[in-house]
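Structure first, then comments.
By letter and in written order, the chains are A, B, C and D; residue numbering begins at 1 in each of them.
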Amino acid sequence: MSLSTEQLAEIEEQRGQTAPTRRAVSEGLEERLFTAHPVLDHGFVRVIDYMGDDAAICQAARVSYGKGTKSVQNDEGLIRYLMRHWHSTPFEMCEIKLHVKLPVFVARQWIRHRTANVNEYSARYSILDREFYIPAPEHVAAQSEINNQGRGDALQGEEAARVLDMLKSDSMRCYDNYEAMISQDGQQGLARELARMNLPANVYTQWYWKVDLHNLFHFLRLRADAHAQYEIRVYAETMCNIVADWVPFAYKAFEDYRLGAASLSAQMVNCVQRMLRGEEVSQENSGLSAREWREFETIVRGN
Amino acid sequence: MSLSTEQLAEIEEQRGQTAPTRRAVSEGLEERLFTAHPVLDHGFVRVIDYMGDDAAICQAARVSYGKGTKSVQNDEGLIRYLMRHWHSTPFEMCEIKLHVKLPVFVARQWIRHRTANVNEYSARYSILDREFYIPAPEHVAAQSEINNQGRGDALQGEEAARVLDMLKSDSMRCYDNYEAMISQDGQQGLARELARMNLPANVYTQWYWKVDLHNLFHFLRLRADAHAQYEIRVYAETMCNIVADWVPFAYKAFEDYRLGAASLSAQMVNCVQRMLRGEEVSQENSGLSAREWREFETIVRGN
Amino acid sequence: MSLSTEQLAEIEEQRGQTAPTRRAVSEGLEERLFTAHPVLDHGFVRVIDYMGDDAAICQAARVSYGKGTKSVQNDEGLIRYLMRHWHSTPFEMCEIKLHVKLPVFVARQWIRHRTANVNEYSARYSILDREFYIPAPEHVAAQSEINNQGRGDALQGEEAARVLDMLKSDSMRCYDNYEAMISQDGQQGLARELARMNLPANVYTQWYWKVDLHNLFHFLRLRADAHAQYEIRVYAETMCNIVADWVPFAYKAFEDYRLGAASLSAQMVNCVQRMLRGEEVSQENSGLSAREWREFETIVRGN
Amino acid sequence: MSLSTEQLAEIEEQRGQTAPTRRAVSEGLEERLFTAHPVLDHGFVRVIDYMGDDAAICQAARVSYGKGTKSVQNDEGLIRYLMRHWHSTPFEMCEIKLHVKLPVFVARQWIRHRTANVNEYSARYSILDREFYIPAPEHVAAQSEINNQGRGDALQGEEAARVLDMLKSDSMRCYDNYEAMISQDGQQGLARELARMNLPANVYTQWYWKVDLHNLFHFLRLRADAHAQYEIRVYAETMCNIVADWVPFAYKAFEDYRLGAASLSAQMVNCVQRMLRGEEVSQENSGLSAREWREFETIVRGN
C-alpha cells in the first residue's frame, strides 16, 4: 500500500473527530473507520460510513417502535432463524460504504454485482497514478490443467522471472507513453479520455462502493469462495473480517448457513438417505454424474 | 395519530440515548430522529437511521481520502452541478431509513418504487389493529370530470355524510368479523393469513423503508407533485421537510432543478425560440397538440 | 375463472394469428400462448410473450455468433453446470411476460419480488369488477398451533360455515357500497381513487408481469415451497408447469438443484460426515439447536 | 469490423431460418436480426432477440385481454402521453437482446448502467483476440481547455502521428507478451486469469446485453448526448437507428420528449415568463449563475 503522508494525515484527522449521535453505533466498526486495510501490493479497503448493527436487523424484522431488541440471546436466535430461512429483507436494513483501491481487472469482476452504489475515480477527468499490480512470486501461477477458468501451482525459475519482467516493463512503458501523450509541455496534449486506453488492466483504480448487508453477503459468498480468483478473494477476506466486527451475530450465521454450508441436489439428498440406511451407494447407482459424484464425495467425506 | 403511552415511552427512551461516532452527522436530522411526524388520521413518518450528509455527496463525487469537502460555497456549487447534469451516483451515497404507518391503498402505490428496502408488519404472523383511514370532510372529493384518474371538489351535504358513514360502518363491521373469525374463544379460529383478506384497503399497515437519496428524490418528484393522489402526497410533503433538514444543499438543488423545473419538448423549445424572436405563435402553428399547448401555456405564462 | 364471451373471443382471435420470425421459438410455449390457465375461483395466468429458450441460455453463456448450441446432450450438461454453480446471468437472458388475475392479498406478497416489471389495472382510473376470492371449504383452515405464520387443518361444521358467510357477506356489502359511492346517478359520485379503499383484500386485481428466468426461478423456489401460503403457491405451481414446457432442460436443473435440493449448514455437514463414519450423533452432541435438529432429521431421514 | 468467414456464415445461416410464432412481431427489427452493424474499427452491434412492439406498450398500459390496440392514431397518442408524463412501466414491457463488440474502456462506461443483463466473453476462461481500437486520425483529439472531461479539436501533424504510433506499438507489444506468457510451448504457461492483466483498455471485448426499452431509452438519452464520449456515442447512435425501426412511435416520442427536449430550472422558467412579458432579463437580474445563464441562452436562443 502506498498512501502519501498527506493522505495519511487526512485519514488521521478524520479518525480524530467524533460527535454524538442518537443512531445505532457499532463499536467494532467505529474502531476501524477510515483506516486503510492493505490488500495486494497497492490496494486497500477503508470503511467510510455504515448504518445499523445486529440489533437493527431485529428491529426491522419486528417493525419496532423502540430499539426492538429483546434479550441478546433472543436476538441472536432471531438472526440465525432469518438467515436459515432466507428472510433477506431485514439484512438489507444495514448498509456500509467502503473506499476501495483495486486493479482494473479486479474492478471489472467486482462491478458485475449490480445491486450496489458506485462512484469511481474518473480517468476521463483526472490523471491516474503510476501504480500497477505486480503479483508476488508465489502468486505467478500456471494455467490450471483441469479447470479452464482457474490456476495451478506457481511458475518457477526462468519462466516466472520472464513473466514478472514482462508485466513490469509493459506497465512502465505504457505509463510512460500515457504521460507523454497527455503532456502539455511543448504540445497540445491528448484528451485524457483517450489516453487512458493505453493503460493495461493491472493499473489501480479506486471507488466508493456502498452496499446493503444482504447483497454484501451474496458478494462475499461468491468472492470469498475457494473458486474465486485469488486477486478478488483477498479483498473479500478483508471485508469478511470487517463485517465480523460490525455485525458479529449476523456474520456468524452467514458463516454457518452460507460460507460453510453445502447445497445437496435432490439426487444427493437421496444418496445420503440411502447411505444412512446402510445401503452401498456408488457413482454407478447414485443417479449422479461422475463430476457430481466427486463434488458429493468432497462434501460427505470432508476432504 | 394514535401512539400508545408505551410506544411514546419507547421513542422517548431511544431519543434520550446518544453515543459518540466518527461518522458524518447531520444536526438537522439528529433533532428529528425517532419522533413520529403525524400524517393523515393515524399515520406517521419516523426517521430511524441515516447515512451521510451534504458533505458526503461531495466526498463521494471526489473519491476523497479525507472529508473531501472544500469551502462550503464550493460544495454547494458542486452539488448543484451534479443535480443539474443528472450525475446521480453521488446522491446514492446517502441513505435514510424510515418507519412509516400508512393505509394499505397508499402502501400499494408506494411499493411500486422498487429501488428501496422494505420490512412490512406481517398480517400473516400478527393481528392488525383496528385503525382505518377515514378522510376528513374536506377530502371526501368527487370524481374529476376532466381527469379519469383525479378528483374534483369536496362532496357536500348528504352525499358526503353518506360516504363517510359507509366507510366507517364497513370498516368497523369488517374488523368485527375479522376478530370473530380469528377468535380462539370457544372455537379453533381461522388462520390469520386468511382472515386478513376481510379487511378493506383503508386499514393501516406499517413498514420500515430504506432508500438512497437519489431514489428518494425520484419518489418525491412523482409523489409530491400536484397530480399525485392527496393521500400519498401528504407523506411525500412530510418527507420533503425531513430531507430539507438532512441535506439542505441537495434539497435546494432538487427544488430548483426537479420539483420546480419544467421539461420542454423539442417542439416547445422551438416555440419559445420563435416567441422570443417576436413571432406570433399559436396552437395552430406551434406543432403542438391542443393538450400539449395547454401544458405549454401553463409553463410559459405561469398560471 | 370467469372470462366473458368477449374476452374469450379476443383470446381466440389472438391465438389464431401467426407470423414468421427469425427469433428462437419454444414450441411448448407457443402452444400455451394467450390461453388463460385457471387458478383459485376467479384467477388465471396467461402467457403473453416470451424471449429465448434452452438454446438461448447456452448461446449467451458462450457469447456465440450463431445459434451457439452444440449437441443437445452438450447443451443440457452446460445448463446443469450453470445452475449447479450459481452462474445466474445466462438464465437472465430468457424473459417471459404474463397476464395474471389474482386477489389483492396475494398481489401484495407477489410484488415484494422487486426484480420484475409490472403494469397493474388501475383502480384510480377504472372500476373494479365484483369478483372476490372465497376459499373452497377444504381451504378454510385453522390457525396453526405450532407456526405463527401458517395454517392447520380445515375448519369444520358451523365454524367453517360462519367464516364463509362472513367473507361472502362482507365482500358483497363492501362492493354494494363501493358502487353506491361512485354512482353518478342523482349525485356527483365519489372519486374512484377514494372509493377503492372500501374494498377488502380478497377482491381480484390483475396485472401484466414480466420477469427474467433467473428471477422467476427465485420466485418459484420461495413460492412453490411447502411453506408458502396456499393461495400464492397455486399460482407458482401453475407457473412451474408453464416453465417446464418453455425451457425443459433449465426447469429440470431447477427441480434437481433448487426445488428438491437441501441446504446443510456447516454443523449439519459435520453431522453427516460423522454419521457416515459410523458415529452415533444425537441432538445433544450435534451442535444443532432442537429446531435445527428436527429440520436436519427431516432432510436425512426423508420424512 | 473483422468477422471471420465462419462467423459470417453462422450469421447468414441463422438469418435464413424462420418459424411461425403467435407473438408480436416487429417487421423492422426482423429485417435487422443477427446482422452485425459495424461501429468503430472492429466493433459491432447485433440484435439477437426482442420482445414486443409499439402495440405491446399499449396492450400493457391497458392490461388487455386481446391485442389491446385500438386505432393506430389512438395508439400513437397513448404512447406520447405515457412518455410525456413519465409513465415508464409500459415501456419496460418491451425487451431487446444485443451482441456487442466494444473496447474495454467503452465497456467500463457502459456497465455503469446497472438495470440490464450481461454475459461477457470471459478472459479468465478464453483467449482474447489481437484486436485493439486505434482511433481514426480525425478522432485523435486534444484535451479540452474548457471542460475537464471533454476533448477539443483533432491533434495535427507530428503530435498526432506520435500518439497513433504509441497506441499501436504498445497494443502490439502488450499482446505479444500476453501470448508469450500464456504459451504452453516449451513452458507451463501463465494462467489466463492473470495474463489478461497485461492488455490495455483499448482491447476489444464482447458481450450479450439485454435491457428493457425504458432503461434503454435512459441509456440512449445519456450516451447519444453531445457530451458523451465519442467512442460510446457511436454505439448509442447505432442503437437509436435500431430502436427507430423496432418501435417507431415510441422512438419518435423519445426524440421529442427526451433527446430533443430541454429541462428548465425553476429560475429559468421564471426568466422565460419575464422575457415573454417583455422584461429585459440579463444574467445579472436572472437569478442564474454565469454558467447556468450560458446554458439557458443556448436553449432559448437555439445556438
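Everything below uses one rule, namely that a contact is a pair of C-beta atoms (placed from the backbone, for glycine too) under 8 Å apart; a residue touches a chain by one contact, two chains touch by 3 or more.
Keep in mind that what you see is a predicted model, and the values were worked out from it rather than measured.
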Query raised in the report: Can you name the chains that touch subunit B as well as subunit C?
Result: A, D
Query - Winner on C-beta contact pairs when A-C is weighed against A-D - result: A-D
Report summary line: Field rot_deg for pair subunit C/subunit D, CA superposition, rounded to the nearest 5 degrees, holds 180
Query raised in the report: What whole-Å value do you get for the distance between subunit C and subunit D if each is reduced to the mean of its CA atoms?
Result: 35
Requested in this report: Please work out the Cα centroid separation of subunit A and subunit C, and write it as a whole number of Å.
Outcome: 33
Report summary line: CA centroids of subunit A and subunit D: separation to the nearest Å works out as 30
Requested in this report: Specify, in ascending order, the residues of subunit C that touch 2 or more different other chains.
Outcome: 89, 112, 118
Report task. Based on the touch definition given at the start, go ahead and assign the chain network to line, ring, star, complete or other. Result -> complete
Query raised in the report: What residues of subunit A sit close enough to touch subunit D in their complex?
Result: 103-105, 108, 111-112, 114-115, 118, 122, 124-125, 133, 135, 140-144, 148-152, 155, 159, 162-163, 166-167, 170, 173-174, 177, 180-182, 184, 187-194, 196-202, 229
Query raised in the report: What residues of subunit A sit close enough to touch subunit B in their complex?
Result: 3, 7, 10-11, 13-15, 17-25, 30, 33-34, 48-52, 56, 59-61, 63-67, 89-90, 92-93, 95, 97, 99, 117-121, 206-208, 210, 212
Query raised in the report: In their shared complex, at which residues does subunit C touch subunit A?
Result: 84, 86, 89, 112, 222, 255-257, 259-270, 272-273, 275-276, 292, 299-302
